[in-house]
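Just below sit the structures, each encoded as structure tokens.
Shared between the two complexes below is subunit A, which pairs with subunit B and subunit C, respectively.
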Partner chain A sequence: MSNVFIAFQDNEESRPVIEAIAADNTNAKVVHSPGMVKIDAPGRLTIKRETIEEITGRPYDLQAIHVNLVTLSGHIDEDDDQLTLSWKH
Partner chain B sequence: MDTRVTKKKLGLKERYAAMTRGLGWETTYQPMDKVFPYDKYEGIKIHDWDKWEDPFRLTMDAYWKYQGEKEKKLYAVIEAFAQNNGQLGVTDARYINALKLFIQGVTPLEYYAHRGFAHVGRQFTGEGARVAAQMQSVDELRHYQTETHAISHYNKYFNGMHQSSHWFDRVWYLSVPKSFFEDAITGGPFEFLVAVSFSFEYVLTNLLFVPFMSGAAHNGDMSTVTFGFSAQSDESRHMTLGIECIKFLLEQDPANVPIVQKWIDKWFWRGYRLLTLVAMMQDYMLPKRVMSWKEAWEMYAEDNGGALFKDLARYGIREPAGWKQACEGKDHISHQAWNTFYNYNAAAPFHTWVPSEEEMQWLSEKYPDSFDKYYRPRLEYFREQQQAGNRFYNKTLPMLCTTCQIPMLFTEEGDPSQICYRDSDYLGNKYHFCSDHCKGIFDDEPEKYIQSWLPVHQIYQGNCFKPGTDPTAEGFDPLMAVLDYYEMNVGRDNFDFEGSEDQKNFAAWRGEALKGEAK
Partner chain C sequence: MNIDLQAREITPLRNTFAHVAKYIGHEKAASRYQEATFGAQPMANFQYRPTWDPEHELFDASRSRVVLADWYVLKDPRQFYYANWTMTRARQQDAVESNFQFVNQRGMVAMIPDAVREKTLSILLPLRHAAWGANMNNASIAAYGFGTAFTAPAMFHAMDNLGVAQYLTRLGLALDEPEALEMGKKAWLDAPEWQGLRRYVEDTLVVQDPFELFVAQNLALDGQLYPLIYGSFVDDHIALQGGTAVAMLTAFMPEWHDETARWIDAVVKAAASESDANRQLIAQWIKDWAERAQAALSPVARLALGEHGEAALTEARDKLDARCRKTGVLA
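Right after this comes the complex of A and B.
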């Protein structure tokens, strides 16, 4: 199965998002490089609004990930509660 | 106090539908095909534009909000960097030469992308595609501006940036990026999307903006890493546009598949050739290294691109022609390109150098199959000659590939000791190519590429001198006349880094900074 990935700028706003991804996707691999954090996962990766809100204790609009997003790979399925990246083939 | 409850009027999907559909209308007093003349002539068949959906479902209201936030963050960093004299904190003044290439060759492409998307944003009949293209057009203009603002700070202190717009239209190697985008924006609207949104943005831009920008962070250049990542954060949206446009085209009609495959073959190869500059920036121009070009290629092209083409196989799409050659090139292109610029550094407004022994050691480790065998001996010879006071500058001009416009510096598949050379005859003239793929692209549309403005041909035809220049005058030096036409500051913008004004100034400013004196 091919990997999907997503990368964020390495900063305070990204931290809860990365923590939430690691919590919700047990097979995700988090790699730190200068200035950025890249997360790889086989086939599929989901970002859940609820998990981010549990970590920060504040409401979170998933579209705010655009501010610190660096790059990604895979097909996107997004609604108000989750963003999923996947390769189905 | 009661807990605040956030209540949305519309969900993301409904909001996207409300803000991107119903914006168009069927024309009445002019036929639709006359109002939208471009979206049919390439042979692409679209049956239902409504199937086009932006997976991020970004609408204009959210777009302005988040882009505004990005701008505030970016300019906070750029300003802090300027106020702090951040340019003194970079690892080495050699690094600045990567920024010179950036402002000369990459930033103008953002402007071309802006123009291209503004054009297709007007030309598509479907509203969803138009909205996505318009947002990308605004993004690209933002990138052109933010890169110019960030790099203008360096322009106050270093050579090689002062005439970047003038150079883009004239200097020999800058015809490589320029011709790439001029080729793309003079294609039809769907070809433009496959070229730029898909082949370039989705398959290749990670190689430009991710490892190199991480390298900029590693070299103390917070200004560049911030504009780079801020641009790339838009790129992730552009990539979703790229993958959406491919899926959309392939799902609309099976007759679109062979047309799209041909474009993928062409634009993957053209993009790959363009990235030769980036390969060299990454392996030779970052004093502190994050990863080699070869490693970046394996991560972003082979793994990620491989996953993408495996996914697209269900539509009958295969890996681009040239994929195998491109993968083989990961061991060679950065070294071959650096050698060429080292040779022609009299005519290039940035500095080159022979890597230090420590850097060569790193290259040997990263390129165990190619560096020591093919490239180290040549660099060691250059170093020996330079130290003996015979720094080599090639004063003749290279032969260019008519398609990618890169000098004939690439080698044969399977034989890195043999320069690759191909040619074609068309209407009684001979045209020259660096590879089977560049020849194939020419042979498919010769009437387009015979119009190429090839800098070397133009120089030899006498078209690159300032008005009033007399080539018959005694002591006429054609190279100096061309550099005058470029408006290069000879002796400041060009030649070896060793002994350059950039090197001396940086060392002096650093020394003063250490002593705590004001500059």
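Right after this comes the complex of A and C.
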């Protein structure tokens, strides 16, 4: 199965997002490169608003991930509560 | 000539300070909140005890009857440290500012029926003084409490309470002449409906145990006052009678109450789950103070909502009890 991936700038704002992704996607691999954090996952990867809010303790607008988003690959399925990358339709 | 550019990764030898790593381990990069909180409490090298309280060290966990092996367990789930707290409040301040502008520009105050406007002023303006009391109490928690995880958010909370008092002041000036503030103070000092609440606030000002004060002010009193006043009174009562402007001008308060409730619940939960003695002590405090706060708010509820006041207050009390059950403090 091909990997999907998403990468964020390595900063304080993306930290809870990355933590949430790691918590929700057990098979995701988090790679820290200089200035950037890339997360690879086989086939599918989900970002959940609820998990991020649990980590930060505050309301989170999922659109805010785009501020620190570097790149991604995969088909996107997103709504207010989650963003999923996958190679399936 | 060829120049070969290569990126070379230099991994840091350690991810955070040793005193922070003691709590989270060396492998993990620390968040700003963790670095601004863990290990920040002054712990040693106090040769002299304060002359004003020779029974205790300058910073002394035994000022509270709550016993914790490590006061850093009282973490703030909002992860506020100075920078992100100020940024969050600045954003909210902008929102409130534009609400005030919106109300002013459209002359919305003039559209409020006079009776509704007067009722609003008679309930909200005396509460400036309750908010000031909450400010003093949280400053006291910050001063005499122990552990930065507990005292730093208490100081933010104190400043937030001051903000609430200031918004009420501005609301008074937006709705009426400056004399309205004077009338609010008079009611707070003399009107019989307010004396129970005033007594509650004044009695909490001298509570010595910082954790008991935390329960009495932030949980028992505010846990009932905010749902009663900004939920039942402003949103369900005043707004429906043509006072939408009032709900806009006080929009910060219910939002802030919901946010801070998460911190307050987390603190109570963490302290209570450490030992049965803590849990019983805190449960007793909650019962005693919540009972008193309910009694103190009862005439205010009646003044605000007439015959529905008592039901609205009971609803607020039920909400508070539900919160306390969720934290596992009350059965």
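Worth a mention:
Here is the rule we use: the second predicted complex is superposed on the first by the 88 of 89 C-alpha atoms of A that agree within 3 Å, B and C clash if a C-alpha of one lies under 4 Å from a C-alpha of the other, contacts with A are read in each partner's own complex, and residues count from 1 in each chain.
Methods note: a residue touches a chain if its C-beta (ideal position, glycine included) is under 8 Å from a C-beta of that chain, and two chains touch if they have at least 3 such contacts.
These numbers were taken from a predicted model, which means no experiment stands behind them.
Look at A:12: by the touch rule set out above, it reaches subunit C but stays clear of subunit B.
After overlaying the two complexes on the shared chain, residue contacts for A:34 are found with subunit B and with subunit C alike. Residue contacts after overlaying the shared chain place A:51 against neither subunit B nor subunit C. By the document's definition of touching, of the two partners only subunit B reaches A:69; subunit C does not. When the two structures are aligned on the shared chain, A:3 is found in touch with subunit B, with no touch to subunit C.
With both structures placed on the common chain, the touch criterion links A:25 to neither subunit B nor subunit C.
In the superposed model, B is the one of subunit B and subunit C that contacts more residues of subunit A. Annotation: subunit A residues 33-34 touch subunit B in one complex and subunit C in the other. Residues of subunit C touching subunit A in their complex: 7, 9-10, 29, 31-32, 76-79, 88, 259, 262-263, 266.
Residues 12, 15, 33-34, 56-58 of subunit A are the ones that touch subunit C when the two sit in their complex.
Interface residues of subunit A, counted against subunit B in their complex, comprise 2-5, 7, 9, 33-36, 59, 63-64, 66-80, 87-89.
On the subunit B side of its complex with subunit A, the touching residues are 6, 8, 11-13, 55-58, 62, 66, 69-70, 73, 206, 209-211, 213-218, 225, 229, 232-233, 235-237, 239-240, 243, 290, 303-304, 306-308, 310-311, 313-314.
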